[in-house]
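Take a look at the structure below.
Lettered A, B and C in written order, each chain numbered from 1.
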């Protein structure tokens, strides 16, 4: 029985296929008891579902949802790197959240909460993490949000 | 007797109240012998004191001061996470410095020195660290600077 | 015989003089079995060779070359920190790639490949890493690309 998989199911979250290894960089890498996960963008069923800068081309509400999807994709990458077993994750260390922003948009923390809250929903207190949330002039493929993460693994 | 607290006093720096834990993300997190600290913005006495992009809405001189305040807030977060004892800090590993910038402003290193220099003033040679300093189109709440850090702890 | 130096030679890459320690921040720092390297910009023979935002002031092709030069400079910093012996490097953990971008440029991953591919050319499978590639409104000295890295060392 997998505690985290059960939790994901109870939240109605089905982890997608992990992103394919992309040439020279890879979705996730274990070093010691840390698992580094590459920056994720809001792909869902193979489609980039939230594009454009906040707030004109992507509303803050949609961008927060985008951050949540990024986090889900990050967990999918982690699961793959851990041979399918997310129960090896002890907790979340850090999220780096980049929000495609217009110059006068300053609500990056609320957007990032879409990813941060998900971590606590899934991992409870162990999901609490440090974070840097900043605006970006442009993100890969026009994504509205990019989220990278560091997870701590059980020894 | 606290070596670092004494040093702070001699520099005329009073660490503020640490930032409150903010829901899903937290000010600082210890993992192994590293202490990760969340991105800090230039809050002073509960007020965001440096806002707007450099150089038009915030001069480079003020932005360097903002970076210093961010670093002080990061140390306050570290102190809280360490139960009040900053002497557990062995040194500084990395600063990530984001500077709200107009497209033609390229002095991010000088701004970041406001934070970097403080680390060496406090920790001496152990305060020397690696750094990434970049421009950002927009930062949380309109801050001029955001600084995140990784500290090394004594084993 | 140095495996990595031989590899560099076979690729026609001569590592430059490592960047000078710059006051409070330093080019590279070892902590445990990780080597953190500061953000590097595309200096070559003391000159910043790629400046300006992509794509108008720096073409994507040139920016990818800039990323490669940043990575070479990062390895030079690592080599210096390791007393000249890059064979202590076990592999590459993470690259952080910032690309000076206009708002409608979304090809940051292709730019970042200039750095990522070099890592695999040099270190083989151990050069595969996680990555965050994002756009930036402005970078130090007007650089087109900045690359920071974390390397894993042999224990």
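Here are a few things to note about the model shown:
Keep in mind that, in the parts below, a contact is a pair of C-beta atoms (placed from the backbone, for glycine too) under 8 Å apart; a residue touches a chain by one contact, two chains touch by 3 or more.
Here the structure is a predicted model, which means the values were calculated and not measured.
Two copies of one sequence, chain B and chain C, touch each other mainly through non-matching residues, since under half of the numbers at the interface are common to both. Copies chain A and chain C of the same sequence differ in orientation by 120 degrees, per CA superposition (steps of 5). Averaged C-alpha coordinates put the centre of chain B at 25 Å from the centre of chain C. For chain A, the set of residues that touch two or more other chains comprises 32, 136-137. Remark: chain A residues 32-34, 93-95, 101-109, 112-113, 116-117, 119-120, 127-137, 152 touch chain B in the complex. Considering their complex, residues 21-29, 31-32, 36-39, 53, 96, 98, 136-143, 146, 148 of chain B touch chain A.
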